[in-house]
Structures are given as C-alpha cells and as structure tokens.
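Next come two complexes, and both contain chain A; in the first it sits with chain B, in the second with chain C.
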Partner chain A sequence: MSVAPALRCENLSRWYGEVQGLAGLTVTIEHGIVGLLGPNGSGKSTLMRLLTGQIKANRGWVEIYGQRIVPGTYEIFRRVGHAPGEDVHFETDRAVDFLRFMAALGGDSTSQAKDRAEKALDRVGMLVKAGVKLNAMSKGMRQRIKIAQALLFEPDLLLLDEPLNGMDPVSRRSTMNLVREWAGLGRTVIMASHVLHEVEGVTDRMLMLHHGRLLAEGRLTEIRELIDMKPRRASIRGENLRVLAAELLAQELVIGLDFGADGLLNLDTRNLPALLDRLQEAGIHGQIHSLEIDDQELEMVYDLLVGGSAR
Partner chain B sequence: MNAIYATAIFSLRQRTLGLRLLAPLTVALLPTLVLVMAIAFGASVQPLELYRQYLIPLTLFFVLPFVCMFMMLPVLSELYDRGAIGYIYTRPIPRWQPLLGMFLGAIVGMLPVFLIGVTVPAIICAAADSDISIGTWLALVGGISSVLWIASLAYGAICMFLGVWSKRAIIHAFLILVVLGSVLGSLPGDGQRYSLHYYLIGLAHAWCGITDSATDLFPPVISMPSVFKSLLVIVSTTIVMMFATARAAKNRDVL
Partner chain C sequence: MAFRAAEYERYKGERTNRPAWVPIAFGTVQRGWKSKWVRRLSMLSLALGFGLVAMMYMVNQVMPSWREIAEQATNRATQGSGLKVDAGFYLILTNVFVRPILLPLALLFGYDLIASDMRTNALEAYFARPVTPLGYLTGRTLAFVSFLMLATFGPFFLVWFADIATSPSEAHTDLIRFVPISLFFALLFISFTLALMVQAVTSLTRSAIWSNLIFVVIFLFLSAMGMVLFQITDRPNMMAFSFLSDAKVICATLLGIDLADGGSPTNVSPAIAFSMMVGISIISFLIILRGLKRRSLV
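Entry: the complex of A and B
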C-alpha cells in the first residue's frame, strides 16, 4: 500500500480563455471513495482532466501517489483508471476490440490484451455483449464499457466521471456495488456526479464544487450542518396567520414571509427546527390546519446549497 | 512496441474502412481520367510519353498533396475533435508511441491509393501501345510509386504535426503542401529549392527518367538534386516533423 496520498492538489487552477474551469482547488484524498459533486460546469470534468494529464494547470499542481503530474508524465497512469464523462468515441468497434486496443496501449501483447479485455467485460457484466459494436449499444451499456476500460489494469485510483448517467436501475446498483467493492480493497475511487443521491449511495465523503471553486468538503453529516444553515421554506394554512406571522418575525424565527393564494403563508427560515417547534405549539392550539416543508430530497437541498453560494 | 502496433492497426482501419478511401481514390484517379480523354481524343503524344510527361507530374504536383491531406490530417485532428484522444493519452505510455503508430498505419493506408493511381493509367497506356515492354511499365510504375511513398513520409509527418499543433490544420496544410510544395516547387528559380517537391523531382529524375528541362507539365529544374541529397532532405524532414509532433502532443491539451 502506498504511503503517499492517492491525490493531492494545491491551488489547482485552470481557465479556458476567460472562463474559469477550476479555481484554486486545494485538497488531499488519502484513500476510499470520495464523491465529487457539482452541477454541470462546476469544474468536475476539468479536475478529472487535470488529474489524468489531459490538460495543463494554469496555476498550482497535482500529485498522484506522490508523483507530480506534468506534461510528459505517463508511468503513473498505470495506477490510474479513468472513465470520462463523454461518450465512448470508438463507435464502429466491438466492445471487446475497443478494450483490447486500450489494453494494448497499456503494453499488453495481443493474447494478454484479449484476456484482460474479457476479464474487464466480465467485471461489469458485459461479457455477453463482447461482440456487439458500441454504436449498437444503449448509453447505459456504453457507460459500463467505459468503466470496464478504466478497470483494465486494476488501478489503485479509479476516476469515474458521471458513471451512472443513462444506466438503468439494475446497472446502477451493480455499478455502485462495484465501486464499493473496489474501494473495499484499499483502493481509491473518485466519483463525479451532479446528483447527490448517486454519490450518497456509495460514500458519505464528498467534495462539492461550484463555479470551479470548492464549495464544501467533508462527510455528508458535516455537509448537512452547512445545509441546515441555508434558508428553508415552510408553508402553512390556518387561522389568524397575520398575528402568528408578526410573532414569528418578532422572535426572529423567520427571515422572510409572504402570503400566497388561498390563504397560504410561506415562511423562510434559517432555523427550521425552532420554527417547527413553534408551529407545532400553534398547531396544538388549533391555529394551523396544514403544514408543508420544502422537499427533503437531498438533491433539492443540494441545489439549495449551491444556489445559496451562488447568491 | 505493442502500443505502436495497436495504434498502427487502429489507424489503418480508421483510414481505409467504409467510404473513407472514396475521396483520396477519386483524387488519385483524376489524372487517369485526363489521360484516357487524351488517348480517346487522339493525342499526338505516345502513351509512354503521356504517362511520363503528363500523368507523373499531375500525380506529383496535384494528387500527392491532396491525398496526403485527405489521409493524414484526420488521423489526429479527428480524434481531438471527437474527444477520443483522451482515451489514448491517459494510457501509461509516452505520447510519441501512439503518434508513431498512427502515422505508420495511415502511411500504409496511403500505399494502395497511390498504387491504384499510377497502375491503372499504366495498364491503360500499355494496352494503347503494345510496343512498349512490360518491364518498362513496371519500372516506371515502381519508380513513381517509390517517389510517392517516400514523399508521403515527409508530407504525412507535416500533416500529423499540423493535426496536433494547429486548430486550423486544413488551412495550414494547404499552405504548406500545395502553396509551398506544389506551387513553389513548380516555379522556375532558386525559390524551388525551398520546396520539398524540388527534391521529389530529383528522385523522379533518377527513378522515372524525368529530365531537368521543361517538358509539357514538368517545370524546368535549374540544378537537379542528387538522389542522396533528395532522400536526405525528405527523411530529415520526416524525422524533424515527427519529433515536432511528439513535442506538440506532449504540450497540447486534449481539448
């Protein structure tokens, strides 16, 4: 097992002309599974490309297992598997031929490449489709082929860029199991996604990117604390709501409110638990007839977090 | 070595499968069409001279640069455009290996195009004039094929370099292969020496019996370069351009 961390970035920055792809990212990942979260354009793919030496940093540096990635670096990529976010671009190739080609590029002889390709296909459950051309496959199948090529050389560091895109539920589950198994062997997996619950299904360790910057880092529980700091909305119906609203404002339990149609009162708060306690009290006294809290889906909460930082 | 071989096979397949050979083959056979029309309309020139004085210069000055551009420019630029190069550049091998493999594969893919372009008209001419021995035709076809193959190394390497280095590779390739190559090479004067075509004429002189004075489509050559000098220049250009390609690939982003 390596002593050096799987990944270290220091002030890593990249611009595309005047567009900022990644800005001053400093992070260290020792091992295990880490979710890389962010909406489209947040810098996830830019980071993946920087990690795999496909693009150069404008500022800062990145090290993989203690080796700095500079133009001309290639040996370290024997320990790195990368499934890019873009579709596979070898459409006219059969799955097994594509993987054999990738294996040969890693130095395998013809027979070694064939064995390795079949093993990788088997690992992602695609061995039965080995002879099918990539352009005859569904997007989900091609996603699995991409993951298979990333696994070819049993990498210590596996980089997956939106690996679950286009996959059916069964493939998703098996891919998530595969990621967990891979990390269970002491390896490192960085899985980029713009969907929180996809990442949540495999890990609670996350990096959240937004506009190329690190928005949050840590465990999901820690990130939830950040999430709880963000304004939430509760909507109520009932009697004497104007009096209640004035009272909530005076107690600084809400930071904003508005009356909607049909007597609906929308309350924005940074302290949802305290507000709920107060509303529960009012409910006991028959003042409140209905209460709705904004969707608790993590994806929604994540959007809220990103939206908050954007403002 | 496995990586070079694998990319050579990949490149050969990419360049020759499907309808990809249609455009280069069409270009390669255009001089044949001219030759057939000349014979059909009863040209006063004998078929052997038609071949030497019209077909060979047309092939060298027109077919060669365009076939090179058709066949070699997409080798890398297509992979960059489609984003497929990322798969290749993230392998644990130095980037020059797949570049060399793709170069060799595409060069091999060009051979049948050139061979068809010079063999078909030779067969037509031989049929039109049965007095000329088969050996003469074979020597002529072998000579011009060799010139084209050697020329494709240098021009192919230039196209490979442009495919990596330039995002407007087609324009740059046209300027270098057609303007600097064919046009400058066909203009009389010292400027001719700065064109690779000048050295191709040197090889054609030795291997196909082309003279140094202006004959029909052939430009005059003030001082015919020797075979050694011509080969030296062409091989050196190939090596330099391949090094430049590797250097450019090392420093270029995949985007």
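Entry: the complex of A and C
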C-alpha cells in the first residue's frame, strides 16, 4: 500500500455553465472510511465524477495516491472503484454478463473476466442471482450489482455514491458491514449520502458539502453534540397531556410547547434523551399513544453551520 | 441474503494491457446481433450472395459460355450497351447491396448505439473503468464497420470468387482480378463514413425516433434536393448532396470506371464525392468526440 494519501484535492472547482458544482474544495484523506454528506445538488456527485476522471476541473487539482489526475491519466484509475449514484441499464442483460463485460473493459481475458465477475457477485451475496436480468431486479439488487462492479478489481480507493438508496434493511446492514470490512483491509472508502444516520452507521469521519462548498470536515460526534444542543421537537398524542406538559415544564425538560390540531402536543427540548426517558415512563403507564421525533438531523446541521440562512 | 464476509479471498488474476476498445467492439457486435432485423438483413444479404453463386455455378454447368451469350443478347436488346461481366457488372451489383442493404443495416445497427449509452448512464460506468472516449469510439466504430462490411463486401466477394473459379479465359480473369480490392476499399470508405455519421446523429439527438427521422431527411430529402438543383442549374456536382450518388461515384472510381463514358452526365465528379465523404467523416468524428469528451477527462 502506498504511503501517499488516498486523496488530495486542492482548490478543486467545477462549474456547469453558471451553476457552481464544486467550489474551492481543499481536502486530504489518508485512508479509512469518510462520509460525504450533503443534500441533493450539494456537489457530491460532481466530486465523485472529478475523482474518477469523468469530468475536468475548471480550477484546482486532485491527486490519488500521489498521482495527479490530468488528461491522459489512466493507470491510477485501476486503483479506483466507483459505484455511480444514477441507475445504469447496460447493454448486457444478465448481472454476470454485465460484470464480465466491465471486467473485460478493465483488462481481463474472457476466462478471467468470468472468474472475477463471479467473485464480485459472491462478495455482495448476489452469485445466486448471476443469471437474472438487470431489468428484472429490484432497485436494491441493482445497487448491489453496482457495488459488485466497483469491487471487481479490488480497488484501494472505493467511491460509493448513495449506495444504500433503495436497499432493504438487511441489505443496508450488509452493505455497511462490507464498507467497514473493506476499510479494515487498509483501503479507503468514500461514501456519499444525503442521510446522516447512513454515514453515521459506517464512520465517524465526514466531509459536509453545501452548494458545492466544504461546509464542515471532522468527526460526526462533534456534529452530534451540536445537534444535541439544538432544540429538538417531539410530538405526542395521548391522555391527560396538559398535566404531563405542566410536569415537563416544571422539571425543565422542555423549553417550549404548544398544542396542535387533534390534540397533538409539540414539545421543544434541548435534552432529548432525558425527555424521551420521561416520555417512555409515561408511555408505560398508557398515558402516551404515539410519539414522533423530527427526522431532520441533516437539515438541522446545515442550519447550525450556515446560520439558517443558506438554504 | 447476507453478504459474504471475511472468508472471501482476493482474486489473484492478472490484468492485461489489452486496449479497452477490443471488448467494446465485441460488445457492440453482440449488441447488434441481438436485433432481429439486423440479423434478418445480414442473413438476407449473405443469402443473396450465396444465391448468385449457386446461380452462376448452375448456369456455368449448362452453358460455360453464358457470359458471351448474355452480352450478345443484352447488346441486341439495348443496341450496344449490353451486360458485360467485368468491373461494370460489379458496380451494378452495388445497387443490390448498397441501397437496400447497407443503408437500412447502418440505421438498424447504429440508430441507438451511442444514444442509449448516454441515456442510460452507461458512459459513466465505461469512463470510470476507465475507457477513453477515443477507445470507446474506436471499439464502436470498428465493430459497426466490420458488420457493415460483412453484410455488403461478403456477398460481393462470394460472387467474385465464383466468377473467378468459373472464369472461361485468362482475359476475363484479368478483367476482374482487382475488383475485390477496389470494392473492399470503396465499401470500407462508405461504411466508415456511414458508421460515423449515424453515431454522430444519434449522439446529438439521443433519441431513436429523431435519429431515424434525420436519416430520412439525409438520404431521401437531400437526394431529391440534389436532383432538383441539378435539374435547375444543370450542374452535375449538385448531386453531391445525394449520399447514394456519392457512394456510386466512389465505387465506380475505385473500380476504374469513368461514369461519364457511359453517357451518364448526372454524376458528381469523383473529387467532390470523395471530399463530401471525407467532410462528413471528419465532422461526424468531431461531433462524437466532443460529446464524449464532455463526459470524460481520461
């Protein structure tokens, strides 16, 4: 394994006409798993395409394992595996044919391509589906085929663009395990997602993009602390909610509350875990019938980091 | 269905440095062959070739001097411009294979070749593999041209081979000795131009329907326009707008036939016909490469 960092970007910028895809990204990733977080249009896929040489940077540069990507670069991409975000329907119909074709493109002979395709299918648990046509597969299964394609040549740098989209819970867990295993072998994985807890499931390190700019870089635990400081909202339905609300105010577990339509009680808190403990007690006694917690963590992080003005 | 875990062994197979256009070319041929109408048209073309060979063989068994008989008979019927089995005979045969076979086959084979890759994001996967735009285009075009050549030059070669094998004299053999080489290069040039043009149009439209409509305009409307302009201006070079006219002139020129000698003044000059084809090829190549390079750095 090379001692050079897996990835270095310096002032990396890309425009699509007047639209800014990525603006001045400067980052170094040594190894391990890094989550690339951002909402749609934040520049995640643009970065992935820049890293795989599919588009050219308007400004700045990228180095992969110490080799700068310039027109004509070829060999370094042999160390990179990429599962694109978009669904891809290839000319070959069956999963194994598609992977064989992709292996052949990468330089395998016919027999090697077959072996390699079967290995990759086995790796993602899809060997039994090798003969199934891609258009007959669910989105989650096609996602796994795309990941198998990215793993074909056992890349040192694995780029996964929204890999968990459309996957069922079991496949999601398996994919997360696979990503951790891959990084455990000393390789580097960059996993793009717009869902915070997906990234949180595989790594603590993240890059956060917003409108093409690097908004934050660091540990998710720090982000988590920020989230926990931010008021969160829980909404409950049940019986004797006025009594419960008064009690929560007295215990300073909530900083604000209001009654919505249909008897819904909205509670704002800075200490969600303590509030949930208390609500759980009330739930045990049958006082609470339903509980909903806002699931806008990523949006909340953006609000915190950009002062609520950027979106 | 769980993923395989740590017992997985890393695949040890060595990767070759074989250029990526090779599997692209094989993939293109396989893709073309999947089309029912491509198969039918190719088979029809080859069957026509075998049919002509069988006919020549049988006629030769019954009348070894059928060439002279045919020439004399047609001479009488046409008052001097009879059918002679020489390079001109093969030029007439191009009407059988170029117009009804080559053009439809090029459309059927190529109308969605690059367009579908663009629509379905397959280019993203190719270029991340990585395949260079030039490698991609080389693979696609080589396969495309090979297929067109098989369906057009293949039957010509069969007929020529049968003609040579049953040649009645050394003089006849000399007359047709260089026909396959001439036709090979003529059809190669035409197929190459056609393959690039079809791919350029599909890469612009990214739609099978629009591509076909544009080809109707190119092959029919422009041919008609060339004819009308010729009628109005009385300048044969106006026929350069007609792809078929250009193709015919190129075949004739490489076969060593001067079309003006046959009293046919409606033909464009060879220099202009070649220039048109070269121009179409260069413009098409640049259009495709521009479209592909916008999607790739490597």
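Methods note: the second predicted complex is superposed on the first by the 223 of 311 C-alpha atoms of A that agree within 3 Å, B and C clash if a C-alpha of one lies under 4 Å from a C-alpha of the other, contacts with A are read in each partner's own complex, and residues count from 1 in each chain.
We take it that a residue touches a chain if its C-beta (ideal position, glycine included) is under 8 Å from a C-beta of that chain, and two chains touch if they have at least 3 such contacts.
Since this is a predicted model, take the numbers as computed values, not measurements.
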**Request:** Following the overlay on chain A, give me a clash-or-fit verdict for chain B and chain C.
**Result:** clash
**Message:** Looking at A:55 after the superposition, I want to know if it touches chain B, chain C, both of them or none. Which is it: first, second, both, neither?
**Reply:** both
**Asked** A:74 contacts which: chain B (first), chain C (second), both, neither?
**Response** both
**Message:** Tell me the contact category for A:26 with respect to chain B and chain C: first, second, both or neither.
**Reply:** neither
**Request:** Figure out whether A:108 sits in contact with chain B (first) or chain C (second), or with both, or with neither.
**Result:** both
**More chain A residues in contact [chain B versus chain C]** = C
**Request:** Would you mind listing the overlap between the chain B footprint and the chain C footprint on chain A?
**Result:** 49, 52-56, 71-72, 74, 77-78, 80, 82, 84, 86, 88-90, 92, 101-102, 104-109, 149, 153
**Item:** Residue ranges of chain A touching chain B (in the complex, touch as defined)
**Value:** 16, 49, 52-56, 71-72, 74-78, 80, 82, 84, 86, 88-90, 92, 101-102, 104-110, 113, 149, 153
**Asked** Which of the residues in chain A come into contact with chain C in the complex?
**Response** 49, 52-56, 69-74, 77-78, 80, 82, 84, 86-92, 101-102, 104-109, 112, 115-116, 119, 122-126, 128, 149, 153-154, 170-171, 174-175, 177-178, 181
**Asked** Mind pulling up the chain C residues that touch chain A in the complex?
**Response** 1-6, 8, 10-11, 13-18, 20, 22-24, 26-27, 30-31, 116-117, 120-122, 124-132, 295-298
**Fill in**
The residues of chain B that touch chain A in their complex are 2-3, 5-7, 10, 17-18, 79, 82-84, 86-95, 98, 250-251, 253-255
